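Structures are listed in the sections that come next.
One chain, chain A, links the two complexes that follow: it is found with chain B in the first and with chain C in the second.
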Partner chain A sequence: MMGGPEAMNSTAPVQSAGHFGTGNRQNIRRRMLDTATAGAAWGAVLLTLGILLTIFVVLVHGSWMGLTQIGWRFFTSQAWNPVPGKDHYGVLAFLYGTGVTTFIALLAGVPLSIGTAVFIVRIAPCWMAGPVSFLVELLAAIPSVAYGLWGCFVMSPWLQNHVEPMIYASLHPIRLIPVGQYPSGQKAYFPSNLVRGGPSGTDFLAGGLILTIMILPIITAITRDVLAQFPAEIEHGAYGLGATWWQTTRLALDYGRVGICGAILLGMGRAIGETMAVIMVIGNTDRISASLFAGGQTMAGVLANEFMEADHPLYLSAMFYVALVLMVSALVTNLAARGLLSRIRGNLTRA
Partner chain B sequence: MSTLSENPFVGRRPGRRWASHGAKALCVLATAMALAGLLVVLGYIGVKGMAYLTPAFFTHLPLQTPEGMRNCIIGTAILVGLAGLVGVPVGMLCGIFLAEYAPRRPLAQMVQLTMDVLAGTPTIILGIIAWQLVVVPQQHQSGWSAALALAFIMVPIVARATEEMLRLVPQPHREASLGLGASKAQTLFRVILPAAQAGIATGIMLAVARVAGETAPLLFTALGNDQAVYDPNGPYPSLTLKIWQYSQSAEPDWRHQAWVAVLVLVTLVLLFSAAVRFAVRGRQPRRS
Partner chain C sequence: MAPPQVTDMVGRLHGHSLPAPAAKTIPITAPAKPAAYAIEMENLEVFYGKQRAVHGVNLRVRRNEVTAFIGPSGCGKTTILRCLNRMNDLIPHCQVRGSIKIHGADVYSRRTDVMELRKRTGMVFQKANPFPRSIFENVAYPLRIHGVRGKHVLAAKVEQALRAAGLWEEVKDRLHVSGAALSGGQQQRLCIARALAADPDVLLMDEPCSALDPIATKGIEALINQLCQTITIVIVTHNMHQAVRVAHQTAFFYMGSLIESGPTDKIFNTPDHPQTLAYVTGQFG
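Up next is the complex of A and B:
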């Protein structure tokens, strides 16, 4: 009775050692493997934390000269002149470009994505939902340089020759609200000012539209998963009270509004950081114009175009400053998305 | 007592049936537009690319006659491979840590936050970081710096996939293994990872497909190379960079080459991501 447990402990493991091995030497190896694995996992995690820290250290260090010499004026000036001696740097034009293209992308992309997600979850028959879902997700797999090439050789000419003339003809004569003056002294009116300059094909509209296609899959995928969580009880109850399909769908959209907002923010983060596709269609000029047909530039775009040309310290530092502003914009958007999605992530299949 | 007029759905809402039909039609239209977008983009890439596709594309170098991009295809493949050598193990270990080791919740949350932030970082910024860390000290562009930038992108994707898949392995599997006397590492390598391997492989493949199409992080790091030189210490050829470079030129031949290159790139990337999904269908625990 006294020796019972002792005997069990000393003999039983040896007899059943077989597969996992608990012999003395094996024991040491086991422990070493355990330690090594845990150590490797810890190492990888610390490395990743280190990478994030490095990103911020490099960006702040690189932009330090700009932060001290340009400071807040960076955000109040739209002039961008890198000629040494007379150089002047303002991020406003690029901030505006990023903002406008992202806004256009959301304006067009959000209804399309939500409509597609509703179709997949609440309209499509079973045999159709899977393939449609798969095809929309394929959009996310196409590289951005492919979108860019298509955008600059197919979409831009099409916009310039067919779409923009139509928009121009319909909006140009409409002068509803006076919105100040152009530098030439001419008065500006909304919405006529949106199409000033006439069709160009390489403009804010093109940048926004190419981003629309690119953010579609991400918003659709998450909205689809959010809608799929809508409890069948509520759905049946609503139908039982005589609700129409749309009234029930609105309940589902309302039920998942937090997740859908998170999805939209994730799409917005993608649009803010997108580089190649945008610079291939946006015209690359550092101007602020209310016109959708004016060329512009985004923060990511100016980095891609000018980073390698930054040949003196303040110029390079200003580039890092732009990168820092871009990083912070993307960070804030992504953290907000994460905050919204983490509430429901436990149930979400992907986020 | 409730009457029909108090019903929030029915009372005093004329035209709600028409509104419902209209909304349904709009949703169908939205889907049709999204799919049309896919069709138009892929269609143009297919038609334009096929029109100029020649065998020389795969056998010759840029600037030779006839022109080709053999070195760029190989260069992209090697860059992705080099990035994977670092990105895959680090990403997997992070995923393993999050799913199996995360000892204290605050730390796990911090790591998850780091992953989300990394995943959301614009890739051009990762290119700048790699430029600062490798190109500046070396004073020249190199394959190493490009591979580093791509590895940064892979880590969060692989980590997320690994974590998700490991969490899908039922808890009793772990308990049974530990109960048989296996150590934590033995449980991990012989029970948990094999159970989740198909899903993790999918995640890795998707990460590979994703970085193979990246251009922005290579602009300042790989720089591009027209020779069949694959020394990671120097400027490196890359398919995506070549597409970007040729798309900017006024030379029609080069633009045609860019279309062919995009066709090849998109075909490879889509085949990769589609094949993976079909290959592991039913072999991984269902996600939803």
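Up next is the complex of A and C:
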């Protein structure tokens, strides 16, 4: 950089090293500011990494007693009985609760989000795409306790009184596949077992549906961006071969499948970690039931509910253990999502 | 490759305000086949919003020949080409007036099945646009979307199309790698194969070689010379030499109007219109 002017004027006498000066006060101050800013940025990064690491270490440390005393049995037992002396801890029921609610949320949320994104990008006229997009993103700005309140006072009663009776009436009599028997000795059949117990309003279904609404914005927003990147040349190529609108849209979805998978995983991460809204509608019992109308609990839910009550060491350690499992599952889904999304960003910059 | 045979001059077109001094030189020797013309445009006008991009073009494209569209940038070549398979339907505010007939059928009739029209009127774009799928699936795409099922039928048709596009020998061992993994010239031939798989009777090519090196260009030109034995080809090109090499007929456009059209050697050697002469000799455009 500095060689430029000298090289151009090579016949000029070589200037002494002091030509650019050893720096006046102002330059020294400017350089110090550089160093300080860069240092602060590094510090912030290290602090963030440090916090992440600390959380992990604290979780492992906190759950150490559980890890050593309960070990793998934690994952095979569904009983959660914190009575001192006779206490027994298994995460299975909560793992199941998290899994089922997340599954319901994805089952309902993925088609809804992708449909909304397709509408925004490929159907809506310009004047509509913006506002619809904005409204969907606004859903992400609502605090989760507000969702919980709405779920508890509006959605749950509505489910209990209107939706679930209908589902019950249509599924209860259908006994297609035998799936073992209940403890009472009664035989269980699919899909009748999905509605066993009748409408309750505070159950897996309610938990799953509230999560559906909560994961909608993130999946929609990313899918929308991915679809918007579908190259016009390919679109015209497809139309030019006589493809219909839907066939071309399928090609666009196919083109963006990696990004859409990333979006779904991000939504899944959100569903796994979501706490407040879910505990307000899920019924909070540590049971595993195939019935959508049964109450349950999620990992995040049990932590929020019982944190204050964990008054003896093993109980507390078991709570930490739950938190560790939760964090690892959320971390894994998020990392997978980021991996997929960064892959498509890489494609974009290379293109 | 042999230079195109210019056998007759029925391709001489009307609709231009110039007197037609060439009229006396046109011997109508072509047999009076009912459909000597694959494409007939009458008074074609295209508007983008209020702006008129094409002014009353009358042009007939002969069947099983190669017709080149030439003219300076922005003169409406692409616009006209995209009218022929109704790709302009995709552009909002684009309005087409006049009539276009392909093999006698009115393209802009309300009863036209646009999907079928586009299947029968293949299009190759300036930039190769392979789909994000395997080579095989790229070529099978038009077959699949038009309801062809059955592994063996698909495989046979894909091979046939790839052979027709002169790509088979190069890709037969890696049909299942992504179409994007091919070289630029191969990608363009893949796109031609894809268009051919739909079994079109007309192939529209919009500057198909503009992104290719001379060797790949030669390959595509040889291909065009071969394909025109069975299908009608319209090719937009900025390359005068290419027009001379591949086209039987040439149409010269300027500012949205058809200035002159006719057999290629006439357009390039003894055009009627001074503007044409200026353009083909490289004095403007």
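In this text, the second predicted complex is superposed on the first by the 322 of 351 C-alpha atoms of A that agree within 3 Å, B and C clash if a C-alpha of one lies under 4 Å from a C-alpha of the other, contacts with A are read in each partner's own complex, and residues count from 1 in each chain.
Please note the rule applied: contacts are C-beta pairs under 8 Å (C-beta built on N, C-alpha and C of every residue); 3 or more make two chains touch, one makes a residue touch a chain.
What you see is a predicted model; the values in this text were computed from it and never measured.
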First, second, both or neither for A:T37, with chain B first and chain C second: first
For A:I234, using the defined touch cut-off, is the partner it touches chain B, chain C, both, or neither? Pick first, second, both or neither. second
In the overlay, answer first, second, both or neither for which of chain B and chain C A:I177 touches. neither
Residues of chain A touched, compared between chain B and chain C (which is higher): B
According to the stated criteria, A:A169 is in contact with first (chain B), second (chain C), both, or neither; which is it? neither
According to the stated criteria, A:G269 is in contact with first (chain B), second (chain C), both, or neither; which is it? first
For A:G242, decide between first (touching chain B), second (touching chain C), both and neither. both
What is the contact status of A:Y255 with respect to chain B (first) and chain C (second): first, second, both, or neither? second
Looking at A:R338 after the superposition, I want to know if it touches chain B, chain C, both of them or none. Which is it: first, second, both, neither? first
Chain A residues contacted in one complex by chain B, in the other by chain C: 238, 241-244, 247
Would you pull the chain A residues touching chain B in the complex into a rising list? 13, 16-17, 19-20, 22, 30-31, 33-34, 36-38, 40-45, 47-49, 51-52, 54-55, 58-59, 62, 111-116, 118-120, 122-124, 132, 134-136, 138-139, 141-150, 152-154, 213, 216, 220, 225, 228, 238, 241-247, 249, 266, 269, 272-276, 280, 300, 303-304, 307-308, 320, 323, 326-327, 330-331, 333-335, 337-338, 349-350
For the complex, which residues does chain B have touching chain A? 7-10, 16-17, 19-20, 22-24, 26-31, 33-35, 37-38, 40-42, 44-45, 48, 89-91, 93-94, 96-97, 100-101, 110-111, 113-126, 128-129, 131-133, 152, 155, 159, 164, 180-186, 188-189, 209-210, 212-216, 219-220, 240, 243-244, 247, 255, 258-259, 262, 265-266, 269-270, 273-274, 277, 287-288
Chain A contact footprint on chain C (complex, rising order): 85, 87, 90, 114-119, 122-123, 125, 127, 129, 131-133, 141-142, 145-146, 191, 194-195, 198
Which residues of chain A touch chain C once you look at their complex with the stated criterion? 231, 233-234, 236-244, 247, 251, 254-255
